[in-house]
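My structure is below; once you've seen it, I'll send some questions.
We just call them A, B and C in the order they show up, numbering each chain from 1.
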Amino acid sequence: MKLKKLLLLFIMISALFLNGCLGSREVNDIAINISIGIDKSEEGYLITNQILNPKAVASKSGASESPVIINTKTGTDLFETIRSAVTYSPRKLYNAHLRTIIFGEAFAKEGVQKVLDFFVRDHEFRTDYYFCVAKGTTANEILKTITPLESVSGLELFDSIEAAEKNYAPTKSVKILSLVNTLLSDGKNPVLAGVEIKKLQDKSTSIDALKETDPSKIKLAGLGIFKKDRLQGWLSDEESKGYNYITGNITDTVGYVNVDNTDNITFEVIKVKSKFKAFMSDDKPSINVEINVLYNIAAQTGTFDVSTEANSDKIRRLVEENLKELCISTIKKAQTEYKSDIFGFGEEIHRTYPKLWAKLKNDWNTSFIKLPVNVVINAKVNGLGENTKSIFSKESSG
Amino acid sequence: MSKIKISNLQFALTISAYTFGVAPLFISSSIASISGRDAWISAILAAVLGLSTVYINMYLGKLYPDKTLIETICLSLGKWLGNIVSILFIFIIFETTAQIIWYVGDFLTTTYMPEVSAYPIDILFTAALIIAMLYGLEAMCRAVTIFFSILFPFYFITLIMLFPNINITNVLPVLEYGITPVIKGTVPLLSLCVWPLIVLNMIYPSNIKDLSKAKPSMLYGYLLGMFVAFSGVLMCILVLGDTFTAASRFPLFILTQEVNVGTILTRFEAVSVAVWLNNIFISAFFFFYAAAKGLSQIFKLSDHKKIVLPLGLILAAYSQSIYKNVPFQIEWDTYVWPPVAFTFGVVLPVVMIIASICKKAAGKI
Amino acid sequence: MTPFKRIFKNNMKTDNLSSSENISKDLDKNLEKIKSEFGFSSDLSIGVSTVNIQSSLCYASIYIDNLTDKNTINSLSEEIAEVMKAKNNSGARTPEEYFNLFKNSLTGFRKFREGTNLNDLINDLLSGKTLFLVDKYHKFLSIDTFSVEGRAISEPTTQNVIRGPKESFVEKISINTSLIRKTVKNKSLRVENLFIGNITKTKISLIYIDKIAKKDILDELKRRLNTINIDCIFDSSYIEELIKDDKHSIFPTFLSSEKPDTVAADILEGKIAILVDGTSYVLTAPAVFVEFLQSSEDYYYPYLVASIIRLLRYIALFLTLIVPAGYIALTTFHQEMIPTPLLISIASQREGVPFPAFVEALLMEGIFEILREAGVRMPRVIGPAISIVGALVLGQAAVEAGIISAVVVIIVSITAISSFAIPNYTMSNTIRVIRFTLMILAAIFGLYGVFMGLMVLTLHLCSLKSIGVPYMAPIAPLIKTGIKDTIFRFPLWNNKYRPAGISDNKTPRAGKNKAVTAKQKRKPEFR
């Protein structure tokens, strides 16, 4: 009798638990979405999903199938449009492994804020994907491009943003958290990495290139400057580097200076620390930017002796001048051309003069145009690489 | 029947787990929505203010050693009033247990399985709770030691791995809007973590092995728990920023998603979920234990384990209808729960202490 | 089932009737009685003869053929013949005098006893003694002539070691006791015998060291042993199942070992060894969880190495519990927690696999368990054939046919290898069962289910007790003297006190080693 009761209880409980199984989804029943492109269309949005074809990506024998499936859909509502992709594929779209979100240039100019809530609210989206903007093209075009190295452009974009930021600093990786926080703050405007398509000139470099439908390459293209959530314009690679110097967002980059008009000396920056300091001059807030740079000598074209103290000092001054010029030109561009405080000077004033900020914050971007900014570069040489003097310096010294 | 006795270490860890208890996943959100980027100051302030509650509870425990809270209520407030207050108290505790179970279902259906109803999730949790109740207080307190020694280091490693993501400017400027929002910001932490400590008076003097050393262990446990809460709040503000924290429902969960050290040490949210589930389980256990034990003492039952199963079944069903929906829960937690917690966590013990002192004075005369 | 029970009960009743009966003075009556008690069993050997030709006084010798040593019997009969020749010198006339004559001249160094109780007489016969009865006298003399064939001491079969003693217990309790005695040469070693099993009357020995073993535990153990009411005891596991604290728990709460050094070490910690006649596994109690992950070899290696090996075992335990469940949970519920490249490779392998991940994992784990079970039972010769079928046909072919994904095969292999790293076979079986439970929970609830399962498992472990000692003892409740020998093994000199919960002896068992003086340390001598 007791056994029967237990059995009944067991059946009842297991019937309840079976409900849990419904939430499960097999790996081969999901469509792993690598990249979402958001463009403007007449209806509202043109959404491009770049879905991974795991069979083709991971198989050892060369892929006969396309590594990605492009899924394009137009619609008025963002989530509805993304979800409606299921009408194109037999699998449920799975967004947790999203690597990049690409805004089309036209879309970015109209403002991106309206779509961001969805990416924060929906449980499937993590926070580790990068945002970028398609420069001079649509996100749809970017995602359609098949890239040679990674074969999945969404993945390649993610990797190249990461690699470029770490090794050369012409771009900036922006995740949802920093994008949202920047949009929320009054004293800072966001920048997003730019992406453009470069047509390959030589179509016959390899057989692979021939196989591909559209042999072109995706290239990172500086930073897109936003004012609030609207795209204003673009910084070149060099200016983007300047931006990263000012914000201290550099792990490693290179630059060069010209000594005596003949000799090019390349320096590799290994550490950058920047510090803003707000102060009042003539009852007006001003900003002092102090950038500490630690560099190594990486290469030289001539025979300039880099190993002596005096010459080293000379190079140091040149480096400081060079970087100062770069930073000031970047700031000038932001102030005059795009009228957007992308550096976060306003935030610094907020921190130092909270009361003054209360007056300034509503129209900060106009005040920013006239903000006096003083840039101080403190460069310091660290090492000379594996050489002392130039290896060709024998003649001149002898 | 020999009484179950808990060692001081176990008691301290229990208190710390209980203090942190329900709160970790969403406490930062509710504090940050009130006191903004000064939420971490609120957390420190709450810890300091909460000390008074801890001392009140300790004093209350000292009045009637060998007695549980329910017996103390009945002794200090008299038979009739005492019983009424006890039943109200037990009802509130029981309801809180159901709310805690609801939180579990809500969290898991929000973050992992939105397609599933919370029912099976809650039933599994309740089943585990019932099993834990049947194994008893002693097993639970021992298990707390093990949970703690496994999960606590993991939690801190996770927080340490977030150091590269820290943005120190998130907390500056300090005290921009003055001290008032900071003081207001202590309320969620006090009401969720500190005032419910009264429930532990169900075990505090009566089931402690060495009462003379119980005081420091209670204090250390409390401070450890508050430190954990503080570190969670601080890291949320430092990494996520105050507005994001305030807007998010489970900021700590998002926080641990941010962990990205090297390429391997990523996706640590399972750790935060494990820590939270474990803490919430411990809290739920003590709420449930207090309710069952209290009820059995009011009705003079010999063993509270006999009513665990029926109470558990009620819980499983009750937890489904305790909140209408998420907005209702948020409103309840901001407007209804603090006064309730204050009444039972601060006012009641103070009244009891005064009443019993008066009684003693009257007895002397 | 029931009719059998009744028959056995009836048998016992007849036993009980004669329990207080004494032997009579009439030899013929006694012999008749014994014969009928044994049902004229053919191996009962009874010899009756007169003390000498002149006298009509008879005496009888009784023994059971197959339990006695032929050589001893022969020498006994030779001695009797000599006694009879020299009887004139002794001058015995009465039956009592003859009885004493036998007693004085036959016993020598032999183990003997005299008695009057019929029941004792039968028990003595059953334990291989030879009995002497003299007509018209109410006492019997029993002389130990017990000998049965047994296995020689060999290497242990389940607890293989590379370093340390390699002898193992055998089925004979006397040899087992001697193995322990030989290791622990101390007068405080106590051996207490009792007989359990209403029908088999199996000999059980409790071995412990006086003043180190805790008295409460010893008394409790004896009390529980005395309550046992069962027909037969074939193996020490019977004892364990019958006197366990939580009878329904799947965790072993008695440590079984077939190595005398392990048992001796346990006894020295204050535990009590339970030896059962007829089995080569000796139980030690109380046992705590961490002991099931220790091996005697841990103490024979440098302590750092041993600690790391132990840590490895804990990791293996964790892996064998978690890996299949984790795989199911991650691939069906939490794909977001798998790194993207790994997810892509899992997804590409799972393309075209017809089963859900849970069924796939359950299938492979099930087949592995069957393979393992088959491997234990089958004759050794067929071993390679089975492993070929298992590894090649099931593993490789299933993957190549696309029925099973390669990841699952890897998962099953990790689980299997890890499960073999658990030194105690009983514990490893327990873990196997729990693993399947966790897999089911993972399939229903994902990681949440696994976590709740582990939580309840921890609670269960914390609620367990082994003869009153908490199962998770040195960890929860935390015992500072015991914690030095749990996950890490502290150096022998540092591990100063016996585990507090098990032994209440406070004298240190080790001290700082002073063999190397400071002077010697400073000047190493190379020659």
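Methods note: a residue touches a chain if its C-beta (ideal position, glycine included) is under 8 Å from a C-beta of that chain, and two chains touch if they have at least 3 such contacts.
Chain identities (UniProt): A = Spore germination protein KC; B = Spore germination protein KB; C = Spore germination protein KA.
Just so it is clear, the structure is predicted and the values come from calculations on it, not from any experiment.
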- Given the two chain pairs A-C and B-C, which is bridged by the higher number of C-beta pairs in contact? B-C
- Item | Chain nearest the overall Cα centroid | B
- What whole-Å value do you get for the distance between chain A (Spore germination protein KC) and chain B (Spore germination protein KB) if each is reduced to the mean of its CA atoms? 42
- Note on the structure: Rounded to the nearest Å, the gap separating the Cα centres of chain A (Spore germination protein KC) and chain C (Spore germination protein KA) is 67
- Could you grab the centroid distance between chain B (Spore germination protein KB) and chain C (Spore germination protein KA)? Build each centroid from C-alpha atoms only and quote it in angstrom. 47
- Note on the structure: Where chain B (Spore germination protein KB) touches two or more other chains simultaneously, the residues are 112-113, 120-121, 124, 266
- Quick one: which residues in chain A (Spore germination protein KC) touch 2 or more of the other chains? 17, 20, 23, 126
- Item | chain C (Spore germination protein KA), residues touching no fewer than two other chains | 333, 336, 444-446, 449
- chain C (Spore germination protein KA) contacts chain A (Spore germination protein KC) in the complex at 331-333, 335-336, 340, 343-353, 356-357, 443-446, 449
- Message: Under the definition above, what is the set of chain A (Spore germination protein KC) residues touching chain C (Spore germination protein KA) in their complex?
- Response: 17-18, 20-21, 23-28, 30, 32, 52, 54-55, 57-59, 94, 96-97, 99, 124, 126, 155
- Query: Hey, which residues of chain B (Spore germination protein KB) end up touching chain A (Spore germination protein KC) in the complex?
  - Reply: 110-117, 119-121, 123-124, 127, 169-170, 172-173, 176, 239-241, 243-244, 247-248, 254, 257-258, 260, 266
- Can you list the chain B (Spore germination protein KB) residues touching chain C (Spore germination protein KA) in their complex? 7, 9-10, 108, 112-113, 120-121, 124-125, 128, 131-132, 135-136, 138-140, 142-143, 145-147, 149, 263-264, 266-267, 269-270, 273-274, 277-278, 281
- Query: Which chain A (Spore germination protein KC) residues qualify as touching chain B (Spore germination protein KB) in the complex?
  - Reply: 13, 16-17, 19-20, 22-23, 120, 123, 126-128, 177, 180-181, 184, 347, 350-352, 354
